[in-house]
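First up is the structure itself, then whatever we jot down about it.
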Amino acid sequence: MKAPILGLLGAIAFTFGVAATGAEAQQPKRGGTLQFAISAEAPHYDPHASDTYATLHFSSPFYSTLLRYNLSKFPQIEGDLAKSWTVSPDKLTYTFVLNDGVKFHDGTALTSADIKATYDRMRNPPQGVVSTRRATFADIDSIDTPSPNTVVFKLKAVNSSMLDHFASPWNVVYAAKDITADPAAPRTKINGTGPFTFVEHVKGSHVAGKRNENYFKKGLPYLDGYRGVFTLQAAAMLNALQGGQVLGEFRGISPAERDRLVSAMGDKLRVEESSWTLNLLVSFNTEKPPFNDVRVRRALLMAIDRWGGSQGLSRISTLRAVGGVVRPGSPLATPEAELVKLPGFGKDIKAARAEARKLLKEAGQENLKFVLWNRNLAMPYTPAGIFLVDQWRQIGVEVEHKQSDTAPYIAAMQSGNFDVAIDFSNLFNDDPTLSMTKYLSHKGNPLNMSRANDAEIDKLYEQQLREGDVEKRKALIRALEKRAFEQGYQQPLLWWHRIVPTHKVVMGWKMSPSHNLGADLADVWLNQ
Amino acid sequence: MLRYTLNRILLMIPTLIGVAVLVFFMLRVVPGDIVEVKLRGDGGNISQEVVDAERKRLGLDRPLLIQFKDYMFGLARGDLGISMWTERPVIEEIALRLELSLEVAILATIIAILLAVPLGTVAALMRDTWVDYAVRIITIGGLSIPAFWFGMLMMLTLLSLFNWLPPIVFTPIYVDPVANLSQLIWPALAVGYRYCAVTARMIRSSLLEVMTEDYIRTARAKGVYEKLVVSRHALRNALLPAITVIGLEFAFLIGGLVVTEQVFNLNGIGQLFVQSVSRNDFMLIQGMVIMIAAFYVVVNLVVDLMYAIFDPRIRYQ
Amino acid sequence: MTSISPAVAVPAVLPKRRSVVVDFCRQQSLGAVSFAVIVVMMFAGMFSELVAPYDPLQIDFGSILAPPSWDHWMGTDAFGRDIFSRIIFGSRTALVIGFTSAFIGASLGAMLGVASAYFGGKIDDWIQRFVDILLAFPIIVLALVVVAAFRKTTVAGVDVNLIVAIAIPILPRVARVVRAAALSVRVMPYVDAARAAGYSNRRIIFRHMAPNVVAPYLIMFTAFIAQAILLEASLSFLGLGVTEPTAAWGLMLSGNAADFYREAPWLILFPGIAISLAVFAFNLFGDSLRDYLDPRFKV
């Protein structure tokens, strides 16, 4: 007769245990509309053609991807449309089994043909379609659909990043019939398999979606609907958050903005922080003297006090972590002990600056004057530019800080009409292949603003891409980093720090190092 | 009179054509492409072929004169072109946001007139007294204090004193007048202050001018009651230049909203214009400029006509 | 006929040189005060390096967002830069841009206006057509279009494209007024007599017409300096004018200055006051100038 008593005791203990752990174990409540801020508005709805979070914060709730990141255990990958998957031992074949009963918002059933059509659109965009991830899928040899719920991808060569690409938030799945009829349809029409259906988009004002009652994950989403309000000024966004008109902003704010919200909202605010998969780089135009001289480049990079500067900059801007080609703190990043040996990353700034002056003198560039090109965005480009001008003054170099709109900035970069520029890296995960694309030779690589061509870097890049063993891959990445920094064509200034504010009533949203992730809102609920 | 009107209407056309031509070529003086911004502005890996293909698709690789010819023919048909950023018709983009901006402009005008008439009149009647000085200082303040700063202070005061903010999403006045007005009254005040100042000054100075006119002095000398003198003779004649200013400044309001809408995060044509400048969306810039110019020219004509009708001394010679 | 500000419909005449300044100060006390403010600003702008206690570009992460104190009279901003010094140097930016663009715009406009009035006929028509086109834009709209059109070009640290952008809208407005003033002189008999006597065009313009347009020109010039300063502040606030790290009042109000309104309200108070004060002074001075020069108001 012990069992029932034990059972009762167990139940009581369980209840107390639940109460003790508090909100985490609370049952999600259905209902409510989440109103949040989106700080930019994209010109179209197609994530395949986009690189801005603005498209994802807008569109992700309407779509699903094949795989996705498990944000509670980042960077672990879990299935979204795929129920399960297997990778062949030779790593050349990826087989996915799809979930059953998945329907598009217009009622069409999802089959493997839709997956195939979607990936074909990305790797081989037809006329009039822009696919910004075409290069990432170059290794796919063929896509087969042996049955309506199985898709098989065959690769031409081993690709150590392939699984991450399948989990990318940009690779949303469209219906084959939609993109066959009109390949450019996703730019203006939304028909997805995601947790929310499209309600309206009032340009310049907001976007709204409501619960997809036929969502294939039973029980989700919890919310009745959502509304993304475009707040193009940071001040407007903060005011709205403080005033309770929006319940969160999912990109990221600066430390000073966080402090203001904390002091104004106190208990009502929740702040989540993480290091960010974004960075700013110093990029030299290696085709323009004197920046074709490695001594000049190295001198200018060594003059920057990253460790010291990050203290101050991290208080007023989103710049914080000192890191190399990979996000510091991620599995494949170079540990600090190794990093400080590379030029520009040493901790003794006095010695580094003395060395820098010496190098400049050697190169005959003691009275160096140049123009630093920068975007005119307040955060964190402006502080970065101001900081760099100040750092270079310390070694006697006079710099004119030129901030401009995106159009002239991009034009200058692409045409090579600049001396030195602040470049940026917008990544959605920690995959070194993605972050190191910038360092590949300029020929045929629009991401490399420094216009440098270096065969050794190209070779190391290719090797690490094809390397299956993690330790060997790490060594190759280190070697590439060492080569890139010693040559100094371009170098990260600092990596960013992500701070996301939400009202305490918003539950279930998951923080991650990238603002491009977790935008689908399926698991979010309101504790009201 | 009729001939004068027709003459002026006909003159409007070359003016607007001149505006279109000037803006078209001015914007294209320096190379710098919206296609690059759209495709590469967020750090994406887009090859040169894709950029070129997009440029071709948007028709931006054609020779400049061909683009100009198409544009002018489009204008003749009333087609303001397609926005280079969203690829929607310019007219559609503007129409979406016009209601909000017009409403703020009208509210600002109402506030301005309600305050300016008493202020200007009192200042003129009590010239060179402390009242006059006070009004002059208040009105010059309206001309001097940047509208965006005034708006900023307003918002932050509301937030810190009352922890209240105007609604962030626009609702038309016929749907929910309370929400609508509680959002738009503040920018209307910020913009209206300057408007009120200009109008009050104009009323003051034209009242002063009229009051020194012979017929007023005659009326006074005849002993007509002071108040009658003012209200019946002076004000009526002084209002005409004031109406001129109201008409002209109203057109400027649309341009003045440019800064104010930024501060209040309003989805109006002012913000649209600033965005189009930042993005180098030439078609949208052109379309908006032509629309604003057309509006201004029409208002100018109406005001001049009113001037000519009511004051026979200033009829066109 | 186009609308002119009635206050200058009658040509104002410049009084004799003797004791003009004293006369002015006595009659227009407000104007004298505003002139004093302008002089102070110009002094601060010209001798900024001597007047300002700190280098406006100097970053000091150790004391960011510090409240006003003996060390920093107006506090520091998010980079630890002394706000008082930035205000001082900001007056240089405001005055240089305001003055230059108003001068270029007003002078070119005046020249066009006089030419238009004197030569009349076809030349007048064409100039007026051109002026009409430029007048069809509100000031800030035209300035923004020029900003969109031209790249940022700096000559000796000054944003030349910004000066052009602000000068262009000023040109037609001055041209209109000056033309009207010159026209009213042209119909006077002594001009015809001078022509009949064989005086050259240039002589007639300079000896007879020009002096009568000087007064309206001066008045418009001061008024437009005020407008130009305000316009520069607005453009910098929008991020389309002067850029960091140059010290400029409008720029100091943009970016994240408003974010710190709770912990550091001095960030948005002082630059706004500076702009308002400068524009106020020029407006008041222009007002007083007009009152002084316009004979009808000499009661």
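We call the chains A, B and C, going by the order they appear; numbering starts again at 1 in every chain.
In this text, contacts are C-beta pairs under 8 Å (C-beta built on N, C-alpha and C of every residue); 3 or more make two chains touch, one makes a residue touch a chain.
Computed from a predicted structure; not experimentally measured.
Colleague: Would you say A-B or B-C is joined by more C-beta pairs in contact?
Modeller: B-C
Colleague: Find me the chain with the mean Cα position closest to the mean of all the protein Cα atoms on display.
Modeller: Checking distances from each chain centre to the full centroid gives B.
Colleague: Could you put a whole-Å number on the gap between the CA centroids of chain A and chain C?
Modeller: 47
Colleague: Which whole number of Å gives the spacing of the CA centres of chain B and chain C?
Modeller: The separation of the two C-alpha centroids amounts to 21 Å.
Colleague: For chain A and chain B, let me know how many angstrom lie between their CA-based centres, rounded off.
Modeller: Here chain A and chain B have centroids separated by 41 Å.
Colleague: Taking each residue of chain A in turn, which ones touch at least two of the other chains?
Modeller: Expected reply: 235, 405, 408.
Colleague: Would you pick out the residues of chain B that each touch at least 2 other chains?
Modeller: 30, 32, 152, 262, 278, 280
Colleague: Can you list the chain C residues in contact with two or more other chains?
Modeller: 151, 239-240, 258, 261-262
Colleague: Can you name the residues of chain C that touch chain B in the complex?
Modeller: Listed in rising order, the residues of chain C that touch chain B are 1-3, 6-7, 30, 129-130, 132-133, 135-141, 144-151, 226, 230, 233-234, 237-240, 250, 253, 258, 261-262, 268, 272, 275-277, 279-280, 283-284, 287, 296-297.
Colleague: Could you please specify the touching residues of chain C with respect to chain A in the complex?
Modeller: So the residues of chain C touching chain A come out as 57-59, 61-62, 64-65, 78-80, 151-152, 154, 239-240, 243-245, 254-256, 258-263.
Colleague: So in the complex, the part of chain A that touches chain C is made up of which residues?
Modeller: Touching chain C from chain A are residues 234-235, 238, 254, 256-257, 259-260, 263-264, 311-313, 315-316, 376, 378-379, 382-383, 385-387, 389-390, 400-405, 408.
Colleague: Please output the residues of chain B touching chain C within their complex, sorted ascending.
Modeller: Its residues touching chain C are 11, 14-16, 18-19, 22-23, 26-27, 29-30, 32, 133, 136, 140-141, 143-146, 148-149, 152-153, 156, 160, 205-206, 208-209, 212, 241, 244, 248, 251-252, 254-256, 258-259, 262, 273-274, 277-278, 280, 285, 289, 292-293, 296-297, 300, 303-304, 307-308, 314-317.
Colleague: For a test of understanding, state which residues of chain A touch chain B in their complex under the given definition.
Modeller: 43-44, 50-52, 127-128, 130, 132-136, 202-206, 227, 229-233, 235-236, 239-240, 242-243, 245-246, 405-408, 410-411, 414, 424-426, 437, 444, 446-447
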